[in-house]
């Protein structure tokens, strides 16, 4: 389980002399500067090991380490990564962060070789590359989750493409529509979101390593080589930009997350309303409802409500990160440290929301009778006006005529009304084939990402 | 130490068949709905015990529990609170939250009495009252911290009231000023912020208990009695509002925190710039600086940079909470759960920032020579123009004359220039007496708050 | 009508040689720095005249102007203010802002006297005092609007206090409740909001004038006298804080606005849902609905939807202002200029939302039959459980028993169920008397504010 | 000039009977619902004409209009567009928006043909397509402005590639660096931003027309044909998504704007600090500075300060739009109207900021002597440690040795130190060739966009 320090110690409320400090100054300051790093960094153990192997190989290429040094470092770093995966690697508050903890262990185990690993590198360097490696992994998970959900939505939309559902505007009954059109709308929103994920992935796919403390070093390291070792598309060119872009890349990722979450929040909102007993269009799967401690009858759509709420948290994570780095001068500033928690929290919450929505649509029950019962005569007002148009009346006149005779509107057959909407992307012609092609292309992309990342892991830590 | 779950499990990057779920559905959903409650609620153990004692006494007054039941409940709840303070009280992921964990323990230990405690109460009820009790405690800590810092600032301003410092606008040299005026400005900003804390305290000081799941119960409970027991100024009247205001009160508190943090961020920014070697006006205390892993010469103002960054986090906590509850219909919604983490995080961060700033100003070194060296002739341009005004020239003409002769400006004595600014609140007449009176009044307020809270604790859990 | 420039010129899309600048550099830069000031400042004409009269009187007290000068200035400034009210006062883009436009006119009309008015004053000084005077006026309007709406809500709640309405949690049917309880909840939210308005008013009620460009001047001006003339409770003491607090006071006001708007957004959301044909609990007044250009049958709750949307705009105005000033070093910075538009926009939108909601509740139709039809047996589950408790069963056992027999629940009389909820603030005992007292006290406060402001206007510009 | 209503009327402060409404109800409600549309829509005249021509041609293809009808409509719409460009087209508050104003004029001029144009279309439809066409035009302007600025930066970086500048971390002196590296960092940030603009452009490049009021119509319109006519890459498939994505596309564009603005804000911040007299590294061009009304000596970096401030406004525009649409159920809701102002404001501000920064770097003066004077011995600490490493000492030991002997550090030649940093993207090897290639590719993209848009304009309105 991933955990994070959330702040101040919990002083008891017992009376004390006022204006005593009431807290330990040194502990306050130390905790303030370390923040949550020693906990958050547990997500970063493997990444830090990967980066260190690549850096060691780069130093060897520059003649600073021997091949034998590199072999010993790789072996120990592989062991550390294994400990990390098994939950056995610890970072103490004293060590502050994963970088110090690993350098200490290397020095303890390997002596001088450990002391050499930090040549031509700074902790900033390490944090940035770790963040990129972490983000790569999570963007793959996120992309995969989105494409799984869009797959589920495509099946759902297809299965219910002729199930009528009143189309609403202003939440008022407006026109004939279908469950398929409704689900297809969210499906395409998520496919557009996947384009944002791809752009975020591409911008993240630049290797910052070798930037040192923002200004490079007078050591002939081959940054393109490091980038290739770690499976990045390229080295991030300007070394100062490599540092300046901390927080920037994360907030670009979080902006994509915010869009995804916003869509899920809106579909949640729709489902919450349309599963109220007054509608009964949908029945939320039991796994995603919960009871009340006081009202024995309740089955509450908690999963959906939490998606709505977590969306605002994800948006806040974006605002936090962009808020922090916008204020900064160029070069490394300690403020960057504070971006890490929000980035991890925001991305993790988003992936969870997407997966929970996939569970929802995998099991969502559609209640055709209740959906059909929602149709009233007024829903067909436009259809009637357009019949008059077809007979030659100008639309604005037809509109006025129908408006004057609303109470005489006939109820038409909703299924037929759906079928009559034959333009591209309308209820009678959903064109899910277009979406399916986009899903397939997306899956191929994510598969390529994942296999690339796996190869790096294999070649640097498991060979 | 307080900890919080930050999200998704950390799948390893090993290759797997794509489109497997790749994660455990039930675990995902369960973790999604429970969120961080089982961890965050460790901050709430004492509050939940206090609320339960008061509720039990209210049920006794309504004839639903006997006095003997109440005595047994109080004894066990006092033991639980003691366990909580000692870090011995655990909440498992299965129990979900502190309320369930405590009700379970009461039922295990006291049988039917435990099963009766939840009469006429809902978990929402408990969460809201816990939040108010938690907020009361932290607002007292926050108020105390602010008044300690303002006390430190008042001493600092007084000590350096005749130390000249170039007054800047647009960061350019503008007019003669003093370290005292500069420090006094932040002092008064914080005294205004304390007014926000007082308003937040007053709005928080309403007892929601007895609202049940938002709509009350047909049981004759005396809510004013409950409110008195828990030391609240009054019962929050409308029971639906008691629930609707969840998140609202927290965001009002966080809006106050945001103002405090914004001031601290700005003073940090000033200190970071003015402690650069190019200025050298101030020397940051060693406790608040740290070194570099690569550059042996560095002493970085990390405490101040982190204050600047955490400010944006605190603002984001405010935005998160108000964002969540603004979207909600009336009555309890599960979304409220998601406000808890941001509220705790934001308030704790703020208190830490205030305390760290107090350490800063307690030890900040003022370098008079460097400050004096900052004065150049142009700083006295307005003084010169006003001399011409005193001799009868209209200001706008004097302004133009001085502008034309800038290079002939004499350098005046900065200390004298300060002393000449004698209007209220100017460098030569800081009127710190006004601030000291406000500090003293504030301290009396916080002392009253703290002693009231202590009495409640004493009478409900320790008597 | 108030208008504001919204940005860039609208180049036509005709083809042109790429990499031409494609825009006029000087115009771009000039518009960039002037921004919307020459338009926004039309809101500030009267305020600027008031401030100038008070400043002139202060200069006279300091011996810099004669009483005769002051009389001539007052007469001309009164004429300018009258022109402003009549929409006859213009600010050209060249003049940039109201201060320059007024100083120019004074100099044109009064010669040297006009050139003297700016002695010991800066434009910042003027902007700040104008903003405070503007804010005072709008906070009075806002307070008045809130108290008018709470009055309307109190009447509405009282009129419908025994009209049953299903109480919901998670938007699901939960317990018996009433229209009165629902309306009373919003009423009390707004009364709490009024406390925020009062605090904002108090913090705004400090006179910054005499701070000059942040650092005062070596001229013996009596700032307490200026403050009294302008009707402020006190001079804002530290002159640097007077400048630093620009944006801060505005964002405190906007934080209050955000709370008000959030409540109105939530009540709008409730009304939008409950006026859907599937519920029909309420009928929105015709003034606040509008039709569709294509669907002749539609009556859409546009006023409520726009309230919901404008709420997010108001929150964004808050974020904009606090975002801007948090980034700033102390002393005046040009960034402050950019806070003006958001402050005016946010406050004006809030007042509009409150007034529109007052229209809504003045005319909202309550449909008793539809409300009653919403009651189903399950709504009474807690009532049944509590009957078992009354007969001696522990609550947790009663809860389980009722849960097992949900389908056998009797439907009770909703009105009786309401009446049975007799605890303070429950549907059977709304205690609107408490609210009415708060409304009356609030009205007295606002009346005092308004009469104080009117006296200043009278004595400085109309006597 | 573009203008927007900013809110409430400006009541005078004269005393009145309290609890009078104090404002005109009908005017309040009307202004509330119309909002700024009749002003904002002046940006949309040409777009609305384009959309109407394409819709008319689509109706002709479906047999609903004759070719002759289409010709007459095109002629009149071309005339309206010309009036719009010339500032002669007016929208009255009564007409509410551009759509109504244009339909009215068509009906007045062309009779029944005008009444037929709205067949199979809704106002939502029109607003969405207008917004896409507006966004296309402004994204082209934005892309062009970015590429112009990056071109300027590339030249600037190249010209100053060997001008030494102390590299800073935590704003403290850290390592040798160059003006070229500093400028190159911002250059690459903006090139990454251009990728976001491209993604936003691609998502915007979907034609929503034919979605009617969200649910299509039973009329055989060929949406792919409409899309081609208007020069879109494709029709936005799902018609409900076409409506749901209102606000979404705008907020994706604004997220790109926020990133651009954040970079510009940071470079502004650097320039403000480094042009302070204490540094004097750079001299800001006169066009971008302004004076003080009270201090005759001031030259303030107003253009840069305003860029910093406007950045927060742009971020707020993003938050406003995403905040609004996240709250909405699917289908059209009136809330969408409120996204328009923020979208226009945010994009226009961003383009202005980019252009102003281009002016800045076109004329920025670099003061070599002052830059060189910033170098002190400690800046070379890492270089010294790495010399020891080159001689065989482990880095961690070298670090400790140098740290112990900081006061004995020799000052090296800064230019040589720069040249020694030869790794990719370091000061001695900026690799501006990589950036130049990206700029050229970007320019080709924007050129293609602009010529495509021009062709549509030509073929629909000018042929």
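Letters A, B, C and D mark the chains in the order given here, with residues in each chain numbered from 1 onward.
One rule holds for everything that comes next: a contact is a pair of C-beta atoms (placed from the backbone, for glycine too) under 8 Å apart; a residue touches a chain by one contact, two chains touch by 3 or more.
Predicted model, so just to flag it, every value in this text is computed and none were measured.
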item	value
Label of the chain whose CA centroid is most distant from the centroid of chain D	B
Recurring contact interface, reference A-D, options B-D, C-D or B-C [over half identical by residue number]	B-C
Between the pairs B-C and A-C, the one where more C-beta pairs touch	B-C
Whole-Å gap between the CA centroids of chain A and chain C	36
Computed distance of Cα centres, chain B from chain A, in Å	29
Centre-of-Cα separation between chain C and chain B, whole angstrom	25
In chain B, residues with contacts to at least two other chains	118, 169-171, 174-175, 212-213, 273, 292, 294-295, 300-302, 305, 312, 315, 319, 323, 326-327, 333-334, 382, 399
In the complex with chain D, residue positions of chain C that touch it	1-15, 18-19, 21-23, 25-26, 28-29, 31-33, 35, 39-40, 42-43, 46, 85, 99-100, 118, 121-123, 137, 141, 144, 148, 151, 212-213, 287-288, 290, 292-295, 300-303, 305-306, 308-310, 312-313, 315-317, 319-320, 323-324, 327, 333-339, 341-342, 344-345, 347-349, 351-353, 355-356, 359, 443, 446-447, 450-451, 453-454, 457
Complex contacts: residues of chain A adjacent to chain D	64, 107, 112, 114-120, 124, 167-171, 174-177, 181-182, 184-189, 192, 195-196, 199, 202-203, 210-224, 235-242, 244-245, 248, 251-252, 255, 258-259, 262-263, 265-267, 269-270, 273, 311-312, 315, 319, 322-323, 325-334, 382-383, 386, 389, 394-397, 399, 417, 420-427, 430-431, 434-435
Partner chain A, residues of chain C touching it in the complex	169-175, 272-273, 276-279, 292, 294-302, 305, 319, 323, 326-327, 374, 376, 378, 381-382, 385, 399-400, 402-403, 406, 409
